[in-house]
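All remarks here apply to the structure that follows.
So that you can tell them apart, the chains are marked A, B, C and D in the order they are listed, and the count of residues begins at 1 in each.
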Amino acid sequence: MSLRVEDLRVYYQTLEGEVKALDGVSFAIADGEIMGLAGESGCGKSTLAQSIVRLVPPMKLVGGVVELDGEKLPIDDFEAMNRHRMVGVSIVPQYAMSALNPTRKIGKLIKELLGARGISYRAKLPELENRLQLVGLPREVLDMYPIELSGGMKQRVVMVISTLLDPSLLIADEITSALDVSTQRAVAEMLVDFRDREIVKSMMVVTHDVSILYQIADSILIMYAGQPVESGPAEVITHAPRHPYTQLLVGSLPQVGVRYDEQPLSGIAGNPPGLIDPPSGCRFRPRCPFASERCESRPPLVEIGDGHSVACWKVMEEEDARV
Amino acid sequence: MRRYFGRKLSIYGLTFFVAVTVNWMIPRFMPGDPIESMVARLTMRPETVEPMREYFERFFGYDVPLWKQYLNFWGALLQGDLGTSVWLFPRPVTSVIMGSLPYTLGLLLPAILLSWWAGNKFGAIAARNRWLDNTFLPVGYLLTATPYMWLALVLAFLLAWQFDLFPLAGAYSVTLRPNWSWTFVWDLLRHWFLPFATLFIVAFGGWAIGMRNMIIYELEADYSRYLESLGAPRRLIRRYSFRNALLPQITGLALQLGAVVAGALVTEIVFSYPGLGWVTLKAVENLDFYLLQGVFLFIVAGVLVANFLIDVVYVLVDPRTRLGMQGRAA
Amino acid sequence: MTLQRWRGFAATLGLVIVLVACSGGAGTGTEPADTEGTTPPAAEDTSTPPDTEAPADEASAEPAPVTEYDRATTLITSGKQWGPPSNWNPIFSDYVTGTLGLLYETLFLYDPLADEYIPWLAESGEWISDDVYEVRLRDGITWTDGEALTSEDVVTTFELIRFPATRFSGVWAENGGSLESVEAVDDLTVQFTFTDPLHQQWGERLYDVAIVPAHLWGDRTEDEVAAGANENPVGSGPYMYESHDETRMVWVKNPNWWATEHLGLEVAPERIVDLVNSTNNVALGQVLAGEIDLNNNFLPGVERLIEGGYGLHTYFSEPPYMLPANTTWLVLNTTRPPMDDPAFRQALAHSIDRDRIVNGVYNQLVEAADPTGLLPIWEEYIDQEVVAELGFTYDPDRARQILADAGYADTDGDGFVETPDGEPIQLTLMVPNGWTDWMEAIRVVSENAQAVGINLVPDFPAAETLFELRNTGDYDMVLNNDRQMGSTPWLYFDYVFQLPIHDVQLSGNFGRYENEEAWQLVQQFDRTPRDDTDALMDLASQIQRIQLEELPVIPLWYNGLWSQMNSTYWTNWPSAEGDNHYLPTTWNNYWNMTAVLMLTELEPASQE
Amino acid sequence: MSDTLPRDTTLPAAEGVPAPAAPAPRSRRSEFLYFALRNPKLWIGGLVVLFFAVTAVVGPRLTDYGVQEYVGPPASPPSAEHWFGTTTFGQDVFTQFVHGLGASFIVGLLGGGIAAIVGMTVGFVAGYRGGIVDEVLNVMTNIVLVLPTLAVLIIIAAYLEVRGVVTEAVFIGLTSWPWAARAIRAQTFSLAARDFVDLARLTGVPTRKIILGEIAPNMSSYLFMTFILLFGGAILAAATLDFIGLGPTDGMSLGLMMNNAVLWSALQLGLWWWFVPPGLAIALIVGSLYFMNVGLDEVFNPRLRTT
């Protein structure tokens, strides 16, 4: 088991009160597994990605445990986490295009980054060049400034840097959203390649775009309003989702690559709830076409099939009925 | 690269053109006749007034059509001739300026460069120390908001008048004749210190605060967050931030030049330091439009040249500009 | 750029600063063009103070450049030079102080306090006929380059000032004066031939035209004479040009000065360093610190310091401390109603409390002027009877009475009088902005005027604007003190009544007052020989009668011959009490009014 | 001196930084207010400015003396009778001070206001219209930007026939706008590309209305801060001009007080009470304005709240 997250609660401290961005999230990623994490904007998926790597104010760890390779990660201790970052857990951030210091040549940046860990750049250079080749970049990029690279190139450089020390877990945060369809595919294939070559042991791919997950993910976790609502093998989630939200989410994907960040899902009426004072019971209830009285209490995440879990009273009823 | 500098240069050129034209126009279309006031100063006899006026109108080139005066003005200007001072007649304006320029440069250059350097250093330190930041911030803002002449007055009052540590005015002692002896150089430095300190302190506050604000933005920038995510040590991140925050400070240097020059002018006035500021004041007091014009053009030209130098420096230190211009960006 | 490189940069910066700082001074270092022409014949021991015992043979034949002036033998002055020295042309008027008087000399000196001409370059001068004035030069005077000073130099000088664009050109008949020709009779005798000589004006020229060397000036063009800087000047006087820079002018003693041999006179200071004035306040600081020996600025507040133990010395040891140098007039634009009405002018004059200006604004540093405005040196020309009969005094009731009698009444009840025609009166009195003592003074005047019902308000436009308005006659009232003291009250009569009126008035009668009769009298005064005292008195009396009846201008107070002396290094300064009655000033045109003789009376303070 | 302004970057990003994953607060305004009240920089700065503003308004009523009136013994140090002492003429320094304060505020408001209006107009039009209009305005801005403001003001003031506080403010306003125009142009540029502006444009709303109705309100905080900086800059510029003797030819101002103090040898005579209050007041007012600006920045820009 590469990553195990148990009842993780991370709140944002704001003057209006605590925004319960992650409110009891549990899941696990197995060695060699690529897990997709999907959901609408504001569902907490990015917070999840962030908090595992870089939990800084106004984020606050309220409860839960994150274990990597059986070791508990001190995610709320910024300095102590440094030991794990890049080696244990690494991230390709959403803002990969602007993640590189604009005034440093790429090679120099890497050299200084490695130097800070006492790793010799020279010794690592052959491997670095290999990796560049792997993502289709010439060796010369090391002598270039970020401005000399295209957006896609920058992102690939970031992927190489983030994985340079062979982390156990790589978190890819919305890395495809800004790309065109063909590039998206190429990047997705690279991610798989990274895993296949065992450069990274396991991977968490955060995206709002379920279709991309279908291409690369082994399993998918769907989040809604700070809580997981459904998880299971990619095949199952994309073709036979059970949770009403997942169904709407998957069904409302008319085309690939459209950004939904700035507007609510067109297919789902209403907005996600505010997380300062979320609705009791099922948080999807206000928007759910099937909501009933029972939904006023919170549905547990229940395994209904081989690795397929759903948190929905209606699904549980149907399962019960089948049995 | 050529396009970038071409554009910059053409803007500077245009600015200079506008400055020269406005400069030429003002005394010709404003009330007050410099020739008349000069003649009034020179003679008491009514019968000599007319011949003198005719003579000096010819001397100052007022006896030709306006368009020709304008062309002549440019012609003379391009040969480095800024006309003749009315106040210090018949001394050429350029000679008056050159006489006072070393004093102003001697104040300005060290004050600008040192305050920039020290201010940036200090601002970066303040940004990483909460206590220092909280203490310095109000002080820093107070410093940038301090009128130069007031600080000059206060320093003069305390350090020269009250405690007699420094001379109150002038560039060197009245009994000394300029030479390269230690006595003289020491005397020169003692006179130089207070005006320099005035400029330095006010400017220092500005740079320190600028750097402090800038570095806070840089520490929040994406590349800093990424480095944090990769577990890079704070030292490295700060180093990057400092360097990147310096770049806008270089641009700031260009923008602040005018202000520091203005500060130098009033500081010189307080300390009676015989630089350009003092000359400007005298030109104003003596209605010496030619000298005033000359000083103005000179300052404009100086600021433009300095701006261009800063542009060049900026291109050298910021790869973004440099590479952007070479079109190597993919 | 790495941090390391930044440090390197900083280090370099430090170095640069030192260099810049140094060059700051060096760049302006005295590079007094080439002074060869004026270097004294070498080997003279010019660096040894007269009273020290240093054996003369210790002075090297090739004296090292002076780096520090010996304070004991150097006179440090300030007060005239308001900008870097830039002009040594005595025919131009705005030359460096001492150009006339220390370097170039005049035929005579004039002593205003004794009303005497002192033969100077001239041994004597007299009218040998009604129209011919003959000057006899002293024998054996040389220029500092060794050439002899002869009648040729005098003739050349007067020919040079014939250029219409020079300020003395009016002496010549063709330019409106009366001089017909100048001829050298022999090496030392010059004859000036006039038609209907203007005696009073000629009396001025005798001591204010600097004689220049013909061998250096003879070929100069009009441009060089009218607008040349005359660098490296060669003169005949007690001092020679040594150096100048942006902040000072340095004169060095002429060891071969003719007056030592001829008159037994020797100037005491080895050098005179005249500092460029930056501001009054800096000068005040320097005077208090004893850095300056003689200062001629108007130093507000100085009266409070005279008895404060700063070693300050003034001509009088009690108020007004200073000798009067010129009169400040309230000039009224007589082309505008109601200033065109003598009664109105009288009323205004009677309303002004001049004592309040003298005491409140100037703290008794000046004195109220005589109703005629004539300076005390011309007291003998004042007809006391006329003054007693017609002179104005501060008397608000009288002022109101005069207004009422002339038909000025407050018809609309706003507290201010209207003209006899019922037109409201609203007047402004202007002085240049920043001339603070005057600004204070006209606040008093306005307040006084308002107290008697004249709606007068102070206004402080920029100087240039004020001059323009004044010169073109577009104003109500201004203050002015353009005329300095001199050898004849004609200077003031001319200032008050000068005709004709030009579109632009630059040299007097700014009030545009037209009185043909008075002007005739003034001109007649000008044509009357100086020794015809009775005629002069009679004319002066007639002129004063008109002036006091008409009051075209209102004299307010005498500005002082501002002079602060410090006795730390030099003593025996001019004073009313002692023997040294010469004028203690460095102002232009005053060296030749005996200030140069002051230098011969100075004594070094004994160094304890 | 008006160039002594903080650089563009001290202004917040107008786009309103998205609070990470936090749902929209109930009301942006109440959030700002909340932070504004809890931001010591803002209210300390505000209090200082307010204090001087009140002094400027109330002060003249506290003194019985005229600005130029000789009311006391000359050159006397501060006392119960004359709070700030007297000048060499015996004028009451406190009276001059409160009147000068008023002039400073007028110059600041008017000069800063004019500069803000010109800067906004140029910035909005250039940023919104783009193309040749932008090009021309940009060149214009650059020209005024590089010209040393004080030198320009000296030239203008020296030739001016009559100078009053208002004329002074106008000229300061007309020369100190460029940096504001530049900054606003950049902001407008990014806003003009946003959807809601596009929408307005498509529906045929006239340019003026789009700028005033859509763009300006979306960067109101930014504009307010710009004005504050221009306000302080104008006060400083006026003080400098007055000090050189190119200030108002009638009336009193803080710069003029310092000018008079220097002219009348306050330094040499040790009359510190004559020149200390005016300069100190300027430094405090302008400093507090800048300080408030930082506070506002933190209020409007959440990223800076916790550092």
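Here is the rule we use: contacts are C-beta pairs under 8 Å (C-beta built on N, C-alpha and C of every residue); 3 or more make two chains touch, one makes a residue touch a chain.
The structure presented is a predicted model; accordingly, all values stated were derived computationally and were not measured.
K.L.:
Please tell me whether A-B or C-D has the greater number of C-beta pairs in contact.
P.N.:
A-B
K.L.:
Report the chain whose CA-based centre is farthest from the CA-based centre of chain C.
P.N.:
Checked the centroid distances; the maximum from chain C is A.
K.L.:
What chain is most central when centres are computed from CA atoms?
P.N.:
B
K.L.:
With chain centres defined as C-alpha means, what is the inter-centre distance between chain A and chain B in Å?
P.N.:
Computed value for the inter-centroid distance: 54 Å.
K.L.:
Centroid from C-alpha atoms only, then distance chain C to chain D, rounded to Å. What do you get?
P.N.:
So the centroids are 47 Å from each other.
K.L.:
Can you check how far apart chain B and chain D are, centre to centre, with Cα atoms defining each centre and the answer in Å?
P.N.:
Chain centres of chain B and chain D, defined by C-alpha means, are spaced 22 Å apart.
K.L.:
Enumerate the residues of chain D that touch no fewer than two other chains.
P.N.:
Correct list: 158, 161, 245, 262, 267-268.
K.L.:
Mind pulling the residue numbers of chain B that touch at least two other chains?
P.N.:
Those would be 31-32, 168, 243, 285, 287.
K.L.:
Mind listing the chain A positions that touch chain B in their complex?
P.N.:
For this pair, the touching residues of chain A are 53-54, 56, 81-87, 90-91, 93, 95, 98-105, 112-113, 116-117, 145, 147-150, 153, 158, 161-162.
K.L.:
Would you tell me which residues of chain B are touching chain C in their complex?
P.N.:
31-33, 36-37, 39-49, 51-52, 54-56, 59, 85, 87-91, 96, 99-103, 105-107, 109-110, 113-114, 117, 168-172, 174-181, 183-185, 188-189, 192, 239, 243, 272, 274, 278, 282, 285-287, 317
K.L.:
Going by the contact rule set out above, which residues of chain D touch chain B in the complex?
P.N.:
Where chain D meets chain B, its residues are 1-4, 6-7, 9-10, 41, 139, 142-143, 145-152, 154-156, 158-159, 161, 179, 232, 236, 239-240, 243-246, 255, 258, 261-262, 267-268, 270, 272, 275-276, 278-280, 282-291, 294, 303-304, 307.
K.L.:
Taking the touch rule as given, give the residues of chain C at its contact with chain B in the complex, in rising order.
P.N.:
For chain C paired with chain B, touching residues are 1, 3, 9-10, 13, 16-17, 20-30, 65-69, 71, 74, 76, 82-84, 86-87, 92-94, 164-170, 175-177, 222-223, 226-229, 243, 245-248, 250, 273, 275-276, 278-279, 282, 285-286, 291-292, 434, 463-465, 467-468, 471, 482-483, 498, 502, 504, 506-508.
K.L.:
In their complex, what parts of chain B are in touch with chain A?
P.N.:
Residues of chain B touching chain A: 221-223, 225-233, 235-236, 240, 243-244, 247, 318-320, 323-324, 328-330.
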